[in-house]
Amino acid sequence: MPEPSLEPLLSVRDLRVSFRSAQGRVRAVDGVSFELSAGEILGVVGESGSGKSVTLMSLLGLIDNPNVEIEGSVRFRGRELIGLSAGELQSVRGREIAYVFQDPMTALTPVWRVGWQIVEQLRAHTDLSQAAARARAIELLAAVGMPSPAQQFERYPHELSGGMRQRAVIAMALSCNPAVLIADEPTTALDVTVQAQILGLIHRLREQFGSAVLLVTHDMGVVAETADRVMVMYAGRVVEQGSAAELFDTPWHPYTWGLLGSIPPLDGPRPRRLPAIAGLPPALSALPPGCAFAPRCAAAHAACTQQRPLLQAGAPGPLAPRAHAAACLLPADERAPARERCTSSLDA
Amino acid sequence: MTLAILRRLGQMLFVMAGISILTFAIFFATPGADPSARIAGRNASPETLAAVRHDFGFDQPMAVQYGLLMKRLFITGELTSFVNRGEQVLPEIAAAMPVTLSLVGGAALLWLLGSVLMGLVAAAHRGRWPDKLLMVLGLVGISMPVYWLGSVVNLVTQSRWHDTWLFSWVPPLGYVPFSQSPLGWLLCLVFPCLTLSVLYMGLYGRVLRAALIEAGQEDYIRTARAKGLSPRRVLLAHALRTSLISVVTLFGLDFGALVGGGALLTEVVFGLPGIGKLTYDSLQTLDLPVIMATVMYASFFVVAANALVDVAYAFIDPRVRDA
Amino acid sequence: GSPGPNDPHRGGKLRLMSTAGAGTIDPHINYTLQFAQIFQGVYDGLVAFKKAPDAQAFTIVPDLAEALPAPENGGKRYVFKLRRGIKFSDGRELTANDVAASFRRIFKVSGPTAGSFYNGIVGADACLKTPASCTLAGGVVADAKAGTVTLNLVAPDAEIFYKLAVPHAFIVPADAPAKDVGVNPLPGTGAYKIVSYDPKKQLKLLRNPQFKPWSDEAQPDGYVDEVDYDFGLNDEDQVTAIANGQGDWMFNPLPADRLGELSSKYAKQLHVSPLTAMFYLPMNTRIAPFNNLQARQAVNLAIDRNALVKIYGGSNLATASCQVLPPQFAGYEAYCPYTKNPGSKWTAPDLARAKDLVKASGTAGQKVTLLTEDTAVGKQIGTYVLSVLNDLGYQASLKVLALGVEFTYIQNTQNKVQISYSNWYQDYPAPSNFLNVLFSCGSFHEGSDASINISGLCDKGLDADLNKAMSVGVTDPAAAAKLWAAIDRKVTDLAPVAVMFNPKQLDFVSKRVGGYQFSGQFYFLWNQAWVR
Amino acid sequence: MPDTSPAAAVPLLEALHLRKQFSVGSALSRAGRQTVQAVDDVSFQVWPGETLGLVGESGCGKSTLARCLVRLHGITAGALRFEGRDITHLGSAALRPLRPRLQMVFQDPSTSLNPRRRVGDLIAEPLRVHPGPQGSRSAGEVQARVRELAELVGLRPEQLQRFPHEFSGGQRQRIGIARALALNPRLVVADEPVSALDVSVQAQVINLLADLQERLGLTYLFIAHDLSVVRQVSSRTAVMYLGSIVEIGPTDALYAQPAHPYTAALISSVPVPRVSGAARRPRILLQGDPPSPLNPPPGCRFHPRCPAATERCRTERPMLQGLSGGRQVACHFPLN
Amino acid sequence: MQADVPAGGMTPGLWRVALARLLADRSALVAGALLLLVLLACAAAPLYAERMAHADPFRSNISGQVMLDGQLRDVIEASTEGLGLGQTPIGPTWQPSAYLLGADNQGRDVAARLLYGGRASLLIACGATLLSLSLGALLGIVAGYFGGVVDWLLSRVLDVLWAFPVYLLAISLSIVTIGSGLHLGPLRIEADSLWLPALIIGLVYLPYVARPVRAQALALRRSDFVHAAIGLGVPTHRILRVDILPNVATTLIVFVPLMMALNMLTESALSFLSIGVQAPNASWGTIIQDGLSLLYTRPMVALAPGVAIVITVVALNLLGDALRDALDPRATFRVKGGGA
């Protein structure tokens, strides 16, 4: 694994995205900040509706909704992206920052051949000739592990299986050697055996193309196996971030504990009951005033319902973007015993 | 595959047979439909009436009459009119076809171009005034009775403002064959085609706009935008291309129905001697052979258009091709 | 210089127009005025209506026959001596055999009038029963050598010459097929020949090269070289075309909303001529409420004939009438009992008396359905009469049927039509063509859809009078006329119908047409007109 | 822990060489009409009180099998016994009396509830159409039972007046479960009841099902594609591949020592939410994608992707054969 | 979707939610207001005719006279120029007291007829819509739910109706029934009844309803919740009533205004071909037809009802679109090009 450069490639500061709707303002993303360095894989986890996709799509202004409001700052190689017009963003989209969307079944235009769609992107950003673009596309298809790439080039999306389609989408995303690859749940729709293939592929390609990867998922297992660093989101906010090891070995936030605990283990003794998180995620239009997780938190105390916790590193001082940090009011020393209490009480 | 085609053909035959029987039944249920008296003439004696009835086979059982009619229509092709005795029906239809084709073809060209433009502009300006204006116009187009629109057009172009520079070029109503005068042909079709296309332009424009907007929410459009394509390319190459599928199927069915005589009202109002007018006239005089022939002809086009649309659908939408 | 429009002028093309053709071109079968008008210049009968204006056209003159034969055998035999040297347009000479064959053909093709006009010929009964083997043996005897044709009748017939002068008795070649020729014209002996016919497009006539005039009264030579009769334009467009000089004459009635414009701008090109026809409302005398004489008379009294005349186009286009016979006919005596001040002329409706009659009849409140046809005039008259029926206290409703359907529908006794709209144009100018055809017991056929006596009137006394008038007519036309006048009054009093008005013909011709002549029998005599 | 010993005399449900095929495609398409062998010669038993887990990849025929078992589909071939009685070809009227004892919970809680009915009515529906022990139930009885059921699955009584769309996925699944339990079934066929749910909610539902089994003595056929979920709930596990069962056996043994190469690959592919600690099992990366059931490969269905396939696998289809410890596997070369 | 579940008992049903959405839709409100206006005007027809115009819109008034600006004039005036041929009805006076929009060629008040005509047009459109919706729903549900032979048979019948060119079928049926009305067993409809055109139009458009309903029933038959109901042992008739019908109902409701619009146009076209509403009854189509023979002299007779049709149909279509948005965004309603 190449040593991640410390110079951030992409830096997001206090990103806020809200939608105006009949029920009032829905804050889908509420003050998200993170950094991504070249060659790094940053995993973003969170339950459905926690704002993962909205965060990523707002980076490149891909939310096509007249009722959206985006605030904050997104700097790519030092250039501010928020506020750019669609025309100005065109050169960044697909060329510098590429996307792989969640559902490979619907991510490709059904009426065009797979190869055509790759060539289209190549020719939008380079001055390759048709023939050269075609050769390059076939090369890319081979690189993502498509058997007989020249044949697959001529296929329509529906003629490919889910895994092959996802490969084609990845090949398309990689076609311009982007600096950042944003993969929004790239394996959720796939079977485990195929998921394993795709995750392996992403790893391999990071090495080969050197792209930084922003990997969104709601599967803790996928993050654990793929990401260098992890960011956990809950109700549009980041509740915890840190390196993969920090996060999985010593999670600080009670929500992270719950996430990790509610997955049944694949080996070892089977618990009789799972340590589930009680209750349901809150509606974004009516967030509780304090910590959004407080109503479900077994370790919550009075302050949690009033004061909104900020992301805080373990060590005092200004928050380094790469430090292990959590947005929780629990004092650092109470965390381990509280975690013990929560999980065991549930298992009773 | 051949089996499938055969099945499809079988289905078509079934439907057409059903229609012919229905037509036949309707005709004989019509009061005053028995053409003997009309053929025999006023004040005919009972003997004459009987002779005519026998000559034309109206004294035969219904089934035999039906069989005879079908035989004359499809096998010997020598079906003749009851009203204009001796007039062969099939050549009549053949003569009416170019008129209808000219009218419908011209209108189709207009409405396709118009509606694609309308749909694109409206979808691109979704929610803003050009969208609203176009959609209201489309709605008005859909809501105008075509015969009324045609009459108003006639009033304006043939009478009220006929003497002004604006409409002085408008030829009198009726049809001029292309072979007789290409320019005359073109001019005499301008207003009929425009009138006919208004309804469909509104309809298709609205359908296309809805399809474009629906496509705009599809994942693949998001992918296309994420690829860094220009908005225009996203709209034309991705959204429009997929949205056209719904329009093409609509178009097939409508075109089939219109060529089959569905443009009856337009033809009647503009005095174009096409299939629709032929049908209408024969219905007015209860001329069963002509009615039967035109109805068969029309239903053939409808049924064939349905089948063709299915095939065409598979051609334009690769998903359907080997589903 | 070139001849002015008012000078007779040979040559050129006359362009006639109509919305549609009139069906088969077979003169023995076609029974429309539209084509009778054409046939008179194309074919000849043994005798002919004189080609002369208005009522003079009702005179019978010899045509293929040298002279009108005198009746023999008590009015049951006529011997026609044929003119020599008359040729069909295909070059063959007309012989007595052609004449005999033509008469047989009337039956063989089941001509519409075979049973009503020609059933009096000896042998006709057998021919009507089995048309295929028709010989008319003893009925029509041809002597080719002598050039004579002998016609034997079962009984004397005062109207036989008329019947021989209508197109159904026109002479065609002996080898004409014994079936409807449809769109393929038969050769004729007239001044013109039909060269092509497409019912949806055009009928084309050219001069008959074989034609040599023999009688200007019967078959005069024509002026124009060519006649194109175009079909397909609607009436509005025909008017426009004539106004613009793109057409010369139209068959269809002029559309009502153009009349004002035409009469002020094109008065010179319009020709109004009286017609021997009537518009009337047959009332079914066999079912309620019009099986009641008072009810029928009430309708007659209540209708405002002025309003009806207005619908038809105004007093210049129609004349109110209460009686069956039209003015030009022998036996016509003005008579109108159904008006404010009964006498000879209609003045105003008498609604009060009509209502009293309905009350007296006890039919008030009954349901009445009025049938009318789907033409502008038909619908308007229907709507108007409906109002009147309702005013009279009936519960009236209206049914509008397609033009082609209405006549057979109201004729069909099974349909039990109570009151309807209809009109009657003469076949030939004999009173019996109105009174006998429309009101005799013989014209009523129970259960048939060809029962021309729509009102179903069958009065023994009236039938006796009709027969008497017809037989007297063979020998004494003047005495017969008196009888007819009495019958006309009697029928009018019985009120099986409500006569509304006698229409007039309005012809609109182009500027370049000269020599317009209107025949009471064949209307516009196109072959007597010339174009510049 | 329920009694899982096969010694219990009669299996509650028994499938014998069950087959189900569909014909798909339009006659007009290029390929024409084709048949899909969605369930291909499946045999197994469900014993009273146990939970039989069924795993397999998407499209392998799990749902089809489930629907065949509760007779929502007709069965193409084979036999199906419920409580010892042959129900393979029973008509809908004959099935009706059996329905209360044989219930199903559906995969997608948002489509399996009629969106136009209130939740209370949905739960009451089985009570209204089936007579209780004392003839048909009064409205009051129904109401009482509905409240009881709602409480059982953790819904508040006032929520019964709402519509399904006003509930979250987990809550909707609870409604589905309550409805299935209304008539005290013996066997509940649960078709991926938690796949549509988020992990935190998924755990709640799994716990609920476990609790209910304990309290009501239910028997489950539990279908899932998530191996860890199946491991958590089931006492025995069956693994399905392309319409057939390739391995079946007690859960712990099967997970610890998979006998079929596919089972092994499947288990090794599951990402584990751990970065350090016990070394994870070596991953077996399969080649290629699951084949389409439209044209299954000949011989062993798994051979194109099997790392250990031989010539025999390409031609001869392995049958389910017994191993020790109540396990069965359909492989010519079982892994141990 | 994670919904926050408000505490408390009854919550609005889907219908109520849809209604709220409809009420929030501006174009729906405009359409509703327009429709209401048209309905009120038509309802007030007798009021207008008797109280204001003092005219009987169904009675000929050919010889009538009217006082205008202190002058007594013939309602139908004879032309005096040239040969004195032709008659012209009075033109629009723009005074509501008499002949606001002029007279037709029977001397009747066009404005009064317009209002009465609207009643007939609306009534027929309603009747036809009811018929095709109820019958279409029945056929569609039966065919779609039961499938098999029933479906095959019904589908073929619908195919025949579908392929039969709409106007030809309507014209043919009209011509058959126009003479003597319809007498089928206990069903007796007189020829001049407004139900006759309603019946014909409703029948002709049967496939327009039955086909989508069938497709929907077919989809519902395969849906999980119907499977669930079968799995619960719910009897078929109850499934049809409780699970299928309410779900088809939204589609049907969306169809109501759209079908009304289509029926209205069809009725007017049939009347235009003079085989729809029979005189002296008036519908907008018949008034246009009457007006066409006066088009060159008194165009208002034909123009006014045309404008009325356009306004009503636009409003109906707008309402239909809004209903679709509010109730059932996926409902597809196919307008075939029959109306040309």
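Letters are used for the chains, namely A, B, C, D and E, taken in the order the chains are written, and counting of residues starts over at 1 for each.
Simple rule for what comes next: contacts are C-beta pairs under 8 Å (C-beta built on N, C-alpha and C of every residue); 3 or more make two chains touch, one makes a residue touch a chain.
This structure is a prediction, so every number in the text was calculated from the model and none was measured.
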{"item": "Intersection of the contact lists for chain B and chain D", "value": "A, E"}
{"item": "Neighbouring chains common to chain C and chain E, by label", "value": "B"}
{"item": "Contact distance in steps, from chain C to chain D", "value": "2"}
{"item": "Chain pair showing more contacts of the two, B-C and A-B", "value": "B-C"}
{"item": "Between chain A and chain C, centroid-to-centroid distance (C-alpha), Å", "value": "94"}
{"item": "Interchain centroid distance [CA atoms averaged], chain B/chain E, Å", "value": "23"}
{"item": "Chain D and chain E, separation of their C-alpha mean positions in angstrom", "value": "52"}
{"item": "Chain centre separation (chain A, chain E; CA means) in Å", "value": "54"}
{"item": "Chain E residues counted as touching two or more neighbouring chains", "value": "1-3, 175, 179-180, 295-296"}
{"item": "Shared interface positions of chain A, touching two or more other chains", "value": "48, 280-281"}
{"item": "Where chain B touches two or more other chains, by residue", "value": "30-32, 283, 286, 322"}
{"item": "Residues of chain B that touch chain C when the two form their complex", "value": "30-34, 36-38, 40-49, 51-52, 55, 80-81, 83-87, 92, 95, 158, 172-174, 271, 273, 278, 281, 283-286"}
{"item": "Complex contacts: residues of chain A adjacent to chain D", "value": "47-48, 147, 161-164, 191-197, 199-200, 218-226, 244-245, 248-249, 258-267, 270-278, 280-281"}
{"item": "Residues of chain D defined as touching chain A within the complex", "value": "57-58, 168, 170-171, 198-204, 206-207, 210-211, 225, 227-229, 231-232, 255-256, 265-267, 269-278, 281, 283, 285-286, 288-290, 292"}
{"item": "Residues of chain B defined as touching chain A within the complex", "value": "127, 216, 218-231, 233, 237-238, 241-242, 245, 316-319, 322"}
{"item": "Chain D residues within the chain E interface of the complex", "value": "67, 70, 72, 92, 95-97, 99-100, 103-104, 106-108, 111-118, 125-126, 129-130, 158-159, 161-163, 165-169, 171, 176, 179, 183"}
